[in-house]
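Okay, so here's the structure we're looking at.
For clarity, chains are labelled A, B, C and D in written order, and residue numbers in each chain start from 1.
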Amino acid sequence: MTVRHEVRVIFGDTDQMGIVYYANYYRYFEGARAAYLREQGRSYKDMHEWGVALPVVESHCKYLSPARYEDELLVHTEVTQIRGASLRFEYRITRGETLIVEGYSVHACVYPDTGRPRRIPPELKALLGD
Amino acid sequence: MTVRHEVRVIFGDTDQMGIVYYANYYRYFEGARAAYLREQGRSYKDMHEWGVALPVVESHCKYLSPARYEDELLVHTEVTQIRGASLRFEYRITRGETLIVEGYSVHACVYPDTGRPRRIPPELKALLGD
Amino acid sequence: MTVRHEVRVIFGDTDQMGIVYYANYYRYFEGARAAYLREQGRSYKDMHEWGVALPVVESHCKYLSPARYEDELLVHTEVTQIRGASLRFEYRITRGETLIVEGYSVHACVYPDTGRPRRIPPELKALLGD
Amino acid sequence: MTVRHEVRVIFGDTDQMGIVYYANYYRYFEGARAAYLREQGRSYKDMHEWGVALPVVESHCKYLSPARYEDELLVHTEVTQIRGASLRFEYRITRGETLIVEGYSVHACVYPDTGRPRRIPPELKALLGD
């Protein structure tokens, strides 16, 4: 399942090269992760109820074409891997037909209090489409 | 005329107090300024064609109630003052009935090349509803 | 008492105008507030021990001259007002002889748990030079 | 050659988990890249004179241990690969003995005007220690 999430580039996202600053795509990714869960009637807040936190343990981005001020971008998000105690989101950001960036984030599944790894609970697995 | 612009709070906008970091409301204000112009079929890009830049010369914000992760905020934007070579935007951000912040920004009207002050051109004045 | 705090402008602080984005000066102000307390052998973490939180209730900035990539800025910070349950920091940012911005922030003094206003404790007052 | 660059975590860098937001490490990386060049008496501004721009084409980070407010971090930066028209910076961020994150960025070497790839000029190669 792919969830699409729209982002509008603001001035504050650009840098003096006139393009979106490289770190800010990770902000767009994060907004898209939240949208992914909302799309299924959920939010990161539910995670807490389920005794789960999903800290990022790895992130990656390839920059293919620059995005600019006022661009309307589409972030396409998928969960591509669900392991015992980790999962992986993949993202592609497009403007029309143009591929802007692609990237991923890997998340550990941990107990919120102790930060120790735990198995992904079945409710979350179901939610993420596995 | 008041233009309403929606913002969804992301994780990256919050700080360790669990609320939106005070500087980030100015990012929301800026997104709302752009929305204000778009609403009238314009963008900051047009400014350039008109030989106008609108640098911020002053900004202000009062924090009345904290906004939190995943909040859906509404930024209400108005132009409240158009002088010879400056103008003022006012903003109120609400979540439902709750007033979160209110603020303003004052902008000089300048020539983009030299940065020297110039009168607001009539097209822009008309656009801003004066 | 004025505390001086150095900031180096990074690429990510600039926007497509080639200058520091207006909201980012508030980040510099905040870094300078922390430096102010450190200068006296304290940190915001101590506030917590004293049963105090100092949320920002108002912020303001005047932009006088643009700062650019790689600029070495100096933030000059003072506490200019200590009331019963609020205080005010004032900031000037300079690059050499040039005044870049000046601004202030007003903070409420509250109980961290309830968020209700409380008198500034004497230890904090002493610290802030009153 | 490894260049060390100090960063102090500000409030605005943290998120509601009470730790540094994952995207912000890329800001620290960028500040460290600039420091790397400064260490050799250069700056990104010189690049322009040499007819070179170094846009990021890939970035990556592994999060090993969280950093928190007021932490004094050390970013250790190295150039680990110089190819015909690209180069790679590697970063490790530590707090005392603790490894916080490690990551890298890959940069294309291009003509600033056209954005087309070009060979890394010898002056730059020498600078980067090859």
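Everything that follows uses one rule, which is that a residue touches a chain if its C-beta (ideal position, glycine included) is under 8 Å from a C-beta of that chain, and two chains touch if they have at least 3 such contacts.
None of the values given here were measured: they were computed from a predicted structure.
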item: Set of chains whose contacts include both chain C and chain B; value: A, D
item: Greatest separation from chain B - chain, by CA centre; value: D
item: Distance between chain centroids, defined by C-alpha means - chain C, chain D (Å); value: 27
item: Distance from the mean Cα position of chain D to that of chain B, given in whole angstrom; value: 33
item: For chain B, residues that touch 2 or more chains besides their own; value: 11-12, 17, 23-24, 26-27, 30, 69
item: Chain C contact footprint on chain A (complex, rising order); value: 11-12, 14-19, 21, 23, 68-69
item: Sites on chain D touched by chain C in the complex; value: 8, 10-12, 26-27, 30-31, 34, 43-45, 69-70
item: Parts of chain B lying in touch with chain C, wherever the complex brings them together; value: 17, 22-24, 26-27, 30, 53, 55-63, 66, 105
